[in-house]
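Chains: A, B, C and D, in written order; residue numbering restarts at 1 for each.
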Amino acid sequence: MIPTAMAFADKTTANGYLLVLAIILPVIGILLSLVFGGRSVERVAMVLLPVGLAVAVAVFGLVWRDQQSLVYIVGGWHPPLGIALRADGISAAMMLTTAIVICATGIFARGEFSQPRGSPETRASQVFWILLLGIWSGLNTVVLGDDLFNLYVALELLTFAAVPLVSLKGYQETIKAALRYMLFALLGSVLYLLGTVLIYGAYGTLDISLLSGRVQPEPVAWIAASLMTIGLLAKTALFPLHLWLPPAHAGAPAPGSAVLSALVVKGSFFLIVRLWFDAMPGLMSFASSQILGTLGAGAILFGSVLALRQQRLKLLIAYSTIAQIGYLFFIFPLAAAVGVDEPWAATAWTGGWLQLFSHAFAKASMFMAAGLIAEALGHDRIAELGGIGRVLPITVFTFGLAGLSLMGVPPSGGFVAKWLLLLATVMEGQWWWAAVMLAGGLLAGGYIFMVLGKALASATVPLKIVAPVSRSREMVALTLALFAILLGFLPLQPSEFLQIGRPEVLGVITR
Amino acid sequence: MTYVFVFEVGLAALLLAIAVWTIVVRATFAAIVFFMIYGLLAAIVWVRLFAVDVALTEAAIGGGLTGMLMLGAAARLREIENSGEKPGLPMRLAAGMLCTLISAALGIVVFSLPDVAPTLAPMAKANLAQTGLGNPVAAVLFAYRAFDTLLEKVVLLLALVGVWSLAPDRVWGGVPGFRVYAQPSSILVFLAQLLPPIGIMIGVYMFWTGASYPGGAFQGGTVLAAMWLLVMIARLQPVPAISLRPLRLLLVVGPVIFIAIGLLGFVLADAFLAYPAGYSKPLIIVAEATLTLSIGVTLGLLVAGPPEWKTQQ
Amino acid sequence: MTLAFDIFTVVAVSAGSFFFMAGTVGLLRFPDTMTRLHALTKVDNLGLGLIVVGLLPRAEGLLGALKLLSVWIFVQLAGAIVSQLVARVARREGRHT
Amino acid sequence: MNSATLFGFCGAILVGLGLFGLITNPQLLRKILAFNVLGTGVFLLFGVIARRGAAAGLEGDPVPQALVITGIVVAFSATTMAVVLLLRLYQETGEATISPDDTSAGTDGSRS
């Protein structure tokens, strides 16, 4: 069944309050943590993780069951004067992914940021949990927000929680990385805000649903959208605005890297999609979609080649993030600028989102695995990984599983995603992207096997294990990798769920 | 009209000149002083744009608090001033061209904005009675878009956690390294004794009047923060350790009350952050009062910086 | 009566502006910190003072007049104290000559 | 030309100016200062839009005015965080600049 385009519900739907809870619960956690401090901080987080996950599951389930968006009108003030929250198909899926990754990260992080009983409170353990909750609240606002300025505040929430996470270790190189990240992020936000201002000036509303009916193809809309897109690209670290990402993501503590690479950069990507598909549907020209696609292609090639040349595991994974982000941008040439009649647009749309979700699981698990390896060895130099496969078989297996998804080898979410994208490129006659994707897959295979090859080889120098690795933390990483694999069992066809609540339903191949 | 316009052209020209100077002047200290003047001029522009609430915020934060923060940083960075290489001429030319292009594009947009500007003013005005407030800006901040305001408080607190997170491990929970003078002079102490009572009164007045006239929690909170900082500079009060429980309570009391009122809306007014009919003004005043306090403490601590000592010096 | 007030306002504000001008010229032309401070304090004191006095008849009620006066008093206070502080630094760093 | 348009152009120029400073000045403190100039420019444009929206007896559209207040507070928080990061960098390295070419500096493997 093809979901028909439906008018936006402009009133609170049943159970809409869940959307408020998704944003406010982590905020309450932050406030409690600030007051009580000490061991309570971790306890607060441990209580909130399952509750937040339950909220996300409930929202996902309700959107699935009712086949329509959940809406909440905050304070009863309707847009354009007030602010609405809206969970459509992509928000619900994104929320669920976020909740799973955050929960796994929280469990994983207990090994690193727990406060032993009776010891004085330490900086990292206090700060980490507050920032984790901050990121969660920020991401939920990003995916649920329906108001461009509310989304600006959400972006800032995300930035202010993410930057200190980068410098949490307090080494000089991580402070440098955090500062560089901060500058890019600030420039990004201010450009986004500038675009928002112009849109309000031209159309008198900031509500995305209302904008979708008002925006005209005219210079002010193009200028505003370009400014916002450039700003968001800087935050997403799309090539060539990626300079800040590798040191930042590699420098954070492993659970931090997991969240930053898996989720935070996706937040700003999500807004680019919201902007072009929902706020200004049909406005993207062929040329601009090709520019975004080309930058994505550049990211895939550049990121993968650089990943191959890294000597440190965490940097390799960070460069791989740059490459994997590139795939997401094929959504624009393949689904945004082709018109609603293009039968393969929905295929590309599904492929793009699956790439996002499977990369989130795979990359989080990969950073955790790398963190465990670095913990065990006291370093993460790839050349000296020989023999680690015997010491930490589960972790190396996890790395390999996650790697499958990055390469796009079946069965994995990455495979389904890349297959759908590939199918769309060929069927839409934009075969040039297909060439890049194939090259990207090969290069990803190159850097994954480079690591696995070293890890599974016998030790050239006797391996020194400096710290024991907890089995339960290995299992957390493995579980996330399994989620990435599990997505691989989704049917190889466009998803209807991901189109719920969209203003224009993308073309679907009819059989 | 024409006299006023001549004045405004002069104002705009002065603002731009000062801005250019802020960017290009060689000495960092001079740049910051120019930036503070720039903030005050911008506040006058806001008055000319009939946005007095914004003018107050810009003067207090843009001209005042930011300048203070920057001056403190510049003093610490004094030894390495003018280090770092300027990018070469081609790079600067390219940047200049790019920026001119962006300015030009924005200029065209300004010129081509719709003749009949789309506006929410009538809607904001029409619903004003329902909020019980007289100041439409306050109604936007605390009723129509209260959710933004709430999240923005969280942004402030996260920024503070971020600032604190940069403390060295051994001094976590300790005292911010906020020192301006080795030994404050007697005249400064005099000022710090004289001004705060008046300043606190003005801060409270700003929040109180904000319900009906320009003013509000942000502006009032900034004045409170300034008074607190002055007292700390003069060493009449020690800089508090960040682990102090009462301090933490002050930080969160505003957001906690605001969220509590918001959640109450679920029960009593059928929406989060909705106010029960007839009670909206008193509830908003309660929220604003506690927020003023929390904003004041948060801003003060943001300027005071991360802990640098384990205990009181 | 109104005319008399208007004339008073014009004269006082003009005189105040003159002091502003003179003080600014002094700030730019005087050779050292101390004399520049001297020029500046004249601006605060007389320049602003005359303008405030000139505007008093046009104030909205007693409260408005009080607000105007307190603007002057606070600027006085801040000006005097900041000048003191600047002068101390200048003397300590030996730049008073 | 009316005063709203005048200040609108003013805001447009300030945006370009701030951006220029942000790109070309090597010193981080000056970059942060330029970011603030840029921010004011953006806010001013919003204020102009608010002024143009004067209606219903209000001298300006209160919605953008309120948003600018929120924006100023957020920009201030950003400024403090950037400044504190910068001071910490100076404490650790004695530098207050970051060159564009040393992005490869990541974790020291032995400490991760």
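Structural remarks
By definition in this document, a contact is a pair of C-beta atoms (placed from the backbone, for glycine too) under 8 Å apart; a residue touches a chain by one contact, two chains touch by 3 or more.
Since this is a predicted model, take the numbers as computed values, not measurements.
Counting only chains that touch, the fewest steps needed to get from chain C to chain D is 2. Centroids built from CA atoms put chain C at 58 Å from chain A. Put simply, the C-alpha centre of chain B and that of chain D have 13 angstrom between them.
For this pair, chain B with chain C, the centres built from the Cα atoms lie 27 Å apart. Averaging C-alpha coordinates per chain places the centre of chain A 26 Å away from that of chain D.
Among all residues of chain B, those that touch two or more other chains are 106, 109, 113, 117-120, 124, 144-145, 148, 152, 155, 159, 162, 166.
Residues of chain A found to touch two or more other chains are 81, 149, 153, 156, 160, 163-164, 167, 175, 194, 198, 201, 204. Shown for chain C are the residues that touch two or more other chains, of which there are none.
Checking each pair of chains for touch leaves A-B, A-D, B-C, B-D.
Residues 77, 81, 84-85, 88 of chain C are the ones touching chain B in the complex. Interface residues of chain D, counted against chain A in their complex, comprise 15, 22, 28, 31, 35, 38-39, 42, 45-46, 49, 52-53, 63-64, 67, 70-71, 74, 77-78, 81-82, 85-86, 88-89, 92-93, 98, 100, 103-112.
The touching residues of chain D, counted against chain B in their complex, run 2-21, 23-27, 29-30, 32-34, 36-37, 40, 43-45, 47-63, 65-70, 72-74, 76-81, 83-88, 90, 94-97, 99. Interface residues of chain A, counted against chain B in their complex, comprise 12, 17, 20, 23-24, 27-28, 30-31, 34-35, 37, 72-77, 80-83, 120-124, 126-127, 130-131, 134, 137, 141, 149-150, 153-154, 156-157, 160-161, 163-164, 167-168, 170, 175, 194, 198, 201-205, 219-220, 223-224.
Residues 81, 149, 152-153, 156, 159-160, 163-164, 167, 169, 171-180, 182-183, 186-187, 189-190, 193-194, 197-198, 200-201, 204, 243-244, 246-247, 250-251, 254, 312-315, 318, 371, 374, 378-381 of chain A are the ones that touch chain D when the two sit in their complex.
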